[in-house]
Every structure is written in C-alpha cells, then in structure tokens.
Amino acid sequence: MLLFLLGRILRLLTLLVAVSVLSFLLLELSPIDPVRAYVGADMLKVGPEQWAKIAEYWGLDQPLPERFARWGMAILRGDFGVSMIFRRPVLAVIGERFLASLALMLTAWVFSGVFGFALGVLAGMKQGTWTDRLIKWYCLTLASTPLFWLALLMLLTFAVWLSWFPIGLGVPAGVPTYEVTLSDRLYHLLLPALTLSITGVAGVALHTRQKLVEVLQSDYVLFARARGESGLQVLLRHGLRNIALPVTTLQFASFSELFGGSILAEQVFSYPGLGQAAVQAGLRGDVPLLLGVVAFSALFVFAGNLAAELLYWLIDPRLRPKGDACEQR
Amino acid sequence: MKKEAVTTLLEVSDLSITFTQYISGLRQRTIRAIINLSVNINHGEVLAIVGASGSGKSLLAHAILGILPGNACVDGKMVYAGELLTPARQAALRGREIALIPQSVNFLDPLMRVGAQVRSGIFNGNSTALQREIFDRYHLAVGTEQLFPFQLSGGMARRVLVATAAVGSARLIIADEPTPGLHPMIVRETLAHLRELSATGSAVMLITHDISAALETADRIAVFYAGTTVETAPASDFCGDGELLRHPYSKALWQALPQNGFQPIDGSQPSIDNLPCGCLFAPRCSLASRDCLTTVPELRSLRGGETRCHHAA
Amino acid sequence: MPVSSAKTLLLSCRSFNRRQRTLMVVALTTVCLLALLCGGLLLGEEGLSTNLTNRNMPPSLSYPLGTDWLGRNMLARTVQGLSLSFAVGLAAASTSAFIALVLGLTAALGGKRLDAAITWLVDLFLAVPHLVLLILIAFIFGGGITGVITGVTLTHWPALTRLLRAEVLQLRSAEFVLVSRHLGRSRWWVATRHLLPHLKPQLLVGLILLFPHAILHEAAITFLGFGLSPHRPAIGVILSESMQYLSAGSWWLAFFPGLALLIMVRTFDVLGDNLRLLLDPHSAQE
C-alpha cells in the first residue's frame, strides 16, 4: 500500500517536472518576444532603453541555460514568478481564480455524476428497449455538442430572452469585492455550472450503462437469476454494488475534461475563474501565468487520478490482503 | 420430505435451442446448440448428464431454469411435477423449487459476503439461523460468512456453492459441472453432498464431463453428444466391456476410461455449424451403415434404457 | 406447447436486416460528408462578400441562415467553416493515426524500455487537460493558424496509441504470430504480414472516430480566440463573433453554425460506430 502510494507520487513528480520543463523549453524556443507581449499596446511609448530594462528585469538578457537554472530554482522555492497581466504573483492569481473555478467545477461534477448515474442505470436496465435507445442517442448527441455552443444557447435562452440571469461576470459589475454576497455569487454561478453539468452527464451515463450491461451479463447475475431474483432485485443487490466503484472512479478520472469544459464555460459567461485566466495568459503572452496554469492543471488532473486509485484500494475488498481466510479451512 | 414412489419430477421432450449470432460484416448465422433433446428425472434420484466439455450441457440447465440469454430460441416441451413449465412458472419456481449449483466462485457476487449470498436463497424462516445451520453442516467455520468469494479456498468455495442450493428446500437441484479440475478429495466430498441431497427426496441432475464421477454418484446416466442425448441407461449398465450399453458412443466413452483399456475414440465432435444430416455420431461410428448417414435415428426404449441408434439391440 | 417466447422471435426478426441497415448508414453518412466537402470547395469566396444593404437579416428564403452585421450570407460562411473544420480534422486524424500506429507498434514490439518510454509519453500528454495543452501549443507557435492546426494535429494520438498497443500485444501472443516468429521470421516481416492486416480495421475506425474530437477541439480553440483570423470563417470564430450580437437578439448567428457543427460531428460519430459494427461483430452482439 505504502509502496504503491510512493510509486504513484514519484510518477506524479516525474510527469510534473517533465510538463514544466517541456513547457518552459518550448516557450523559450517559440518566436514570441516576451517583452513585446509584456509591453503590449504601449509599444510605441517604450524606448529601446526601457525595453532593455524590462528585459533585464525579467532576466531575459541571459543565455538559455542560465535562465532555465534560475527558473528551476525559483520553482523549487515555490516561486512561479509574477503574472504580467495581473502584476501579482502567479500563485496568488492561481489560488484566487482556482477557488472560483472550483465552485463551478464541483457543482457540475456532483450534478453530472448524480444525474448521469441515474440515467445510465435506467438505460442499462432497459437495455435494447426504446428508453435505452433514447438515452443513448441523447448522450451521444450531447457528447458531440460543442460545449461553448450549448453555453451560448443557455445564455440566449435564460439571459437574453427570459432575462432570468445576468449576461456574465462572476460578480455584479461595479460592486466592490467585499460587498458581494454569497447569493450574488450563487446567482452568477448557476448558469455556467448548469451548462457544464449537462455536458458532463453524457460521459457518466454512457459509462454507467456499459458497466451495468457488463454486470448483467456476468456469471454471478446469471446465478442470481437462477436463484429467483427479479430484475429489480438483481439491480439493487448486485448491480449497484458492482458498478458504483468503477463509475465513481471514472468520475474522478474525468477531471481533465472538467477542466477543459470550465475553460469554455468561463469564457462564454465571463466567469472570472482559472480557465479564463489561462485563456488571457495565452492570448496576451503572460508566460509565467501560462506556465503556472499548465503545471497546476496537471496537478489537478493527477489529484483526480490518484483519488480514483485510492478509492479502489480503500473500498474494493479484492485488493485487500487475503488475510486469515486461508487458515480457516 | 417424505420418500415418494418412483415418479417423474421433470420431463424434457424434444428440446431444441438455437442462437442467432453476428459474424464479421454483421452477417447473421444460426447455431443449433441443443437438438431434440429428451430426458427425464425422477424424485430422489441422481441423474448424471455426461458429455465432452463444451458440448452445450450447461444450456440444458439454463433452459430448465429459463435463464437463457435473449438471442436464444427455445423449442420443445418441459413438464415439471405434472405441470407445463412456462416462462412464468419457471420464474416462480427457480430458486425455490429448482436450484442451481454453479461451477465456480465466479458465480458468486465478488463484492458480497458469502453468508449474505447464501441467505438470499432462503425465503421463509429465520435466515441467519438457517444459514449458520447449513454452514455448520458443511463444516464451514463461523467466520466464513464474513468472507468475500475471492477469499475462499477451493474446498470452502465448493461447500459454499452446494450450501446455496441446499439451504432452500428445492425439489430439483441442478449441479452444473460442480467438480471442475478439483482435488480428488474435494470431488469425493462434493459428490457425497449431492447424494445426501437426493437421499432427502430431491432429484439431483449432475451435469459433468467426468464419467467416473458420474458413475460413482448417479442412479442413471444420460450420455450427451453434439447437442442431444444419445443414450439413457442405469449406472449399473456401465460395466464389463460395456456390452450392456446401447449406443456405440457410450461404449466408446466407457472403453476410453483408463481402467477399461484406454482406447480413445477417433475423430472429434462435429462442430455445431456443420452438423451431419443423418446420425450425429455417424462420421465416427464403426457400425455406421447407409441409413445412418441419411436418417436421424429416433430415441427409442430398449432394455430399460433409451437410445438413439438404428442398430442398437 | 413450445416454450419459445414470442419475444425472442421478435428480436431476431427486427435484427434480420441489421447488416443492410448498417451498410446503408455508412453509405449515407459518407455521402453527406463528401457533399459538405464539395459544397465548401465549390462555394469559394462567393457569398462571403459584405453586403451592407442586407445586414442582420433573420433567416429567410433567400438567406436560409440569415445574414450577419456585414450582410454576409451565413449559410455560405457556415459551409466554409465546416469545410475548414473538415480539413483540420482530416489533417489531425491522419497524422494522429500515423503517429499512433508507429508508436503503438514500437511500444508493443520494441522491447521493455521502449514500451515504458512510450507509455510514459502517452501519460505525459494525458497529464494536462487537452484544452490547456492546445492553448500552450497555439501560444508557442505564435497564436497563428499554424499554431492551431499543429496543436490539434499533434495532440490526438495518445488514446489511439494505447488502443493499438494493447491490440498488438494481444496479437503478438496469438498462435500464428508465435509460429511465424518460431520459423525465424523477422519482427518486421511479422509486423507487415501479420499485424498490419489485423490492425487495419482498428486503425480505420480509430481514424474516423478521431475526427469528432479534432473538429470539436479546433472549434473550441478558435472560439477562445486563438489562431484563425476573423476573416477566415471557422465555426469557432463565427460563434465567438456572434457573442457581441446576441444581446441584440441575433440568435441565428449562433444557433445555426453551432447546430451545423454538431450535426457534422455526430455524422462522423455515427459513421465510425457503424463501421466498427461491421468490422467487429462482437460489439454488435449485446
């Protein structure tokens, strides 16, 4: 168990390091001039002297290995640098933005999990019937739907036509942060979270359905039926028990898509989360922030995968040691 | 249960099972897994159904219980305790009157403690007490009920599987290959349990590929070949050189046993998608005549048994 | 009385024509996709010109999908956008399939070290959310159209690589391959004579099923503002532009192009699934 955990964490480290190093090198080799990206629209007002100063300030005048070493040392100290757009430490920006995104993603995660599971169980039990076909068709179509388009439709329907919701922004415009209430936040969270949940349902439902169909074809369900259990009894006694774990695991392993989805949803609803920050960093050439987001998202995805595996270890009795079972014969 | 006179409990006549399958390119093909099978079983007897592995014997068990997969098509007639066995009747009987002993622990829910799984076969009475009692009868320690199937040793698994059927009050118990590749000691123990069950008046249908296990336990033996029964005979007919046996395949099976000369039969069972049109055994039969190649022999009674051979006497 | 239930009979009747139905679906989807591609090529620049007298028209007979704020025909823009998506999808799918084939074969046949290295590489690509990876690559390439196309092209191979690797590993232990190896055939000989023919169906289906992913990602990344210039009617660009006009009520600017994209993606999906059914009947047995 401990060995397994250590191995996993070691793997995380190699992957994280590799992601960071590769991103850094690629960014360095790219034709983008970070100073120009930094100066942006003020280009004409900046003289060559100032230009050089800025370059020096960011350490851009030094050769690549040197910069790499400096960057590496800084990272090890937990210093991801200063975001060029926000003019604040990258970690602070990420921390604040991530909390906003987390609220969004968590809501969507829970909702899509619950509804997807229910839908999948229904389809699996009714396998081959019209109910099943309808649910399958719905989920497959949902999976082909561009998330940002769905978000636009939601915006059109609920914000433009029905005027139930604001057109965007995580908080009301023009109100200082400390005056924003919890209900304000919830109000602005609802629409993007709903969009994200709707698309999330497809994957969970299809996976649940498939697992349930597999379970229903298993030998132990055949035996259960031979012992007179009805369809519903089979589901309650054996079905749910055997699909709960793989489905929950998959839900944890889907953090990657969740993150991607939140980027798009945040963009449409102008929700000030981490995804929006990533887009801005990319568009406006904020290298430190972009690097930070890449590393952080990798960490996020890994956390999901680790949680999934830990769950198996904790819950599935088959992974436990055989224990005293053998001595009892 | 009181000992009843020799009366038929279950009568299967002309049972056929076909499957539709998709092969490459989504073309369909039909597979005839069981063809015109007839067999009956009496109260309080052990009937063994013996045939090579992979010859579809399990399907007979599933057909009696009504748990064949959806792409199976069943034809024929089954009468249980004087009543026609319809799907509705099967649903009401399975688990209560008709019980199955499966071949391996894979038939137990891997995530459910075995005690609970044995208890789910009890429909009235104090289930915990009954389960404890049966575990005690089969020498399963008290802690066993808390174990998961994967934690059981081979012998324990076998006893638990028998317990799942014995715990109810089933009148027909179908043991589907209950001794696959087990230690001889465990085999003997399991077979003894089956005999015990029949001694209480239940009918036991033992489906196996192991002819010596069948001979040790059964009152009557039905020999299964290429999807049908070719002979039904009292176990006592399997003796000497097999001269009391009626069908050439039964004789060959008997003579192939180590203690009877170890003479193997040439050839192999016909594949189910390419069956001969006459007698199914004709390609391997030394007695085959022209008739045998063109007409299917009917099942007929002969010397207290039944056989499906033109030339049997 | 026969025990046979009417239900089983019914089941077998309904699926009797399954082969024909599947073949038809395959043919139909292929024709639709080809028609779309031809439409995009034929339409050319026509209809993309600005026409200030017909601005912001809702859908009508002469403009089935309406016009935008410059009076451009939205139908023409949408078809153009879709054929661009098609092209990007094709580039991405074929490149990714090629990479996946090479890496999958190498991983499965090249020994333990190579296998570990390739598995690690796959994990590396899957370690970062796909969209973040696309943003990173688009940025590295200077944010232009090259960035977007390279990004989409170079990031869709990991899943297929895994699949092919597993497939080859399974094939490798198959009897006929073992016999061949025993007869002293070289790895290369076995790979080209035995493995490739068996992998072809997987590869074809994998290739087609890559399209939907690639197309959706291309649309997403252009929607976010990376890569393609506003003059190029990519679906993502059209949709992101439409956002400014939504509050004014120009719903058709967003609705139809997105719907068209959805239909195209779904068509690829259906095509891929049906091809798989034809080539791998086990998945049809359920």
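Chains here go by letter, A, B and C, matching the order in which they are written, and residues are numbered from 1 within each.
The definition used in the following text is that a contact is a pair of C-beta atoms (placed from the backbone, for glycine too) under 8 Å apart; a residue touches a chain by one contact, two chains touch by 3 or more.
What you see is a predicted model, and the numbers here were worked out from it, not measured in a lab.
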- Task: Could you classify the connectivity of these chains, where an edge means two chains touch, as line, ring, star, complete or other?
- Result: complete
- Note on the structure: Of A-B and A-C, the pair joined by more C-beta contact pairs is A-C
- Max Cα-centre separation from subunit C goes to chain B
- Can you check how far apart subunit A and subunit B are, centre to centre, with Cα atoms defining each centre and the answer in Å? 54
- Using the average of all C-alpha atoms in each chain as its centre, how far is it in Å between subunit A and subunit C? 22
- Item | Multi-chain contact residues (two or more partners), subunit A | 128, 217
- Where in subunit C do residues touch two or more other chains at once? 11
- Message: Touching at least two other chains at once: which residues of subunit B meet that condition?
- Response: 70
- Spell out the part of subunit A that touches subunit C in their complex, as residue ranges. 11, 14-16, 18-19, 22-23, 26-27, 29-32, 127-128, 140-141, 143-149, 152-153, 155-156, 160, 167, 213, 217, 255-257, 259-260, 263-264, 267-268, 278-279, 282-283, 285, 290, 293-294, 297-298, 300-302
- Query: Which bits of subunit B are touching subunit C when the two form their complex?
  - Reply: 20-28, 63, 70-78, 84-87
- Query: Okay, in this complex, where on subunit C does subunit B touch?
  - Reply: 1-5, 7-9, 11-12, 15-16, 18-19, 22, 277-279, 281, 284-285
- Which residues of subunit B touch subunit A in the complex? 62, 65, 67, 69-70, 91, 93-96, 99-100, 102, 104, 106-112, 120-121, 141, 143-144, 147-148, 150-153, 155-156, 164
- Residue ranges of subunit A touching subunit B (in the complex, touch as defined): 128, 217-220, 222-230, 237-238, 241-242, 316-318, 322-326, 328-329
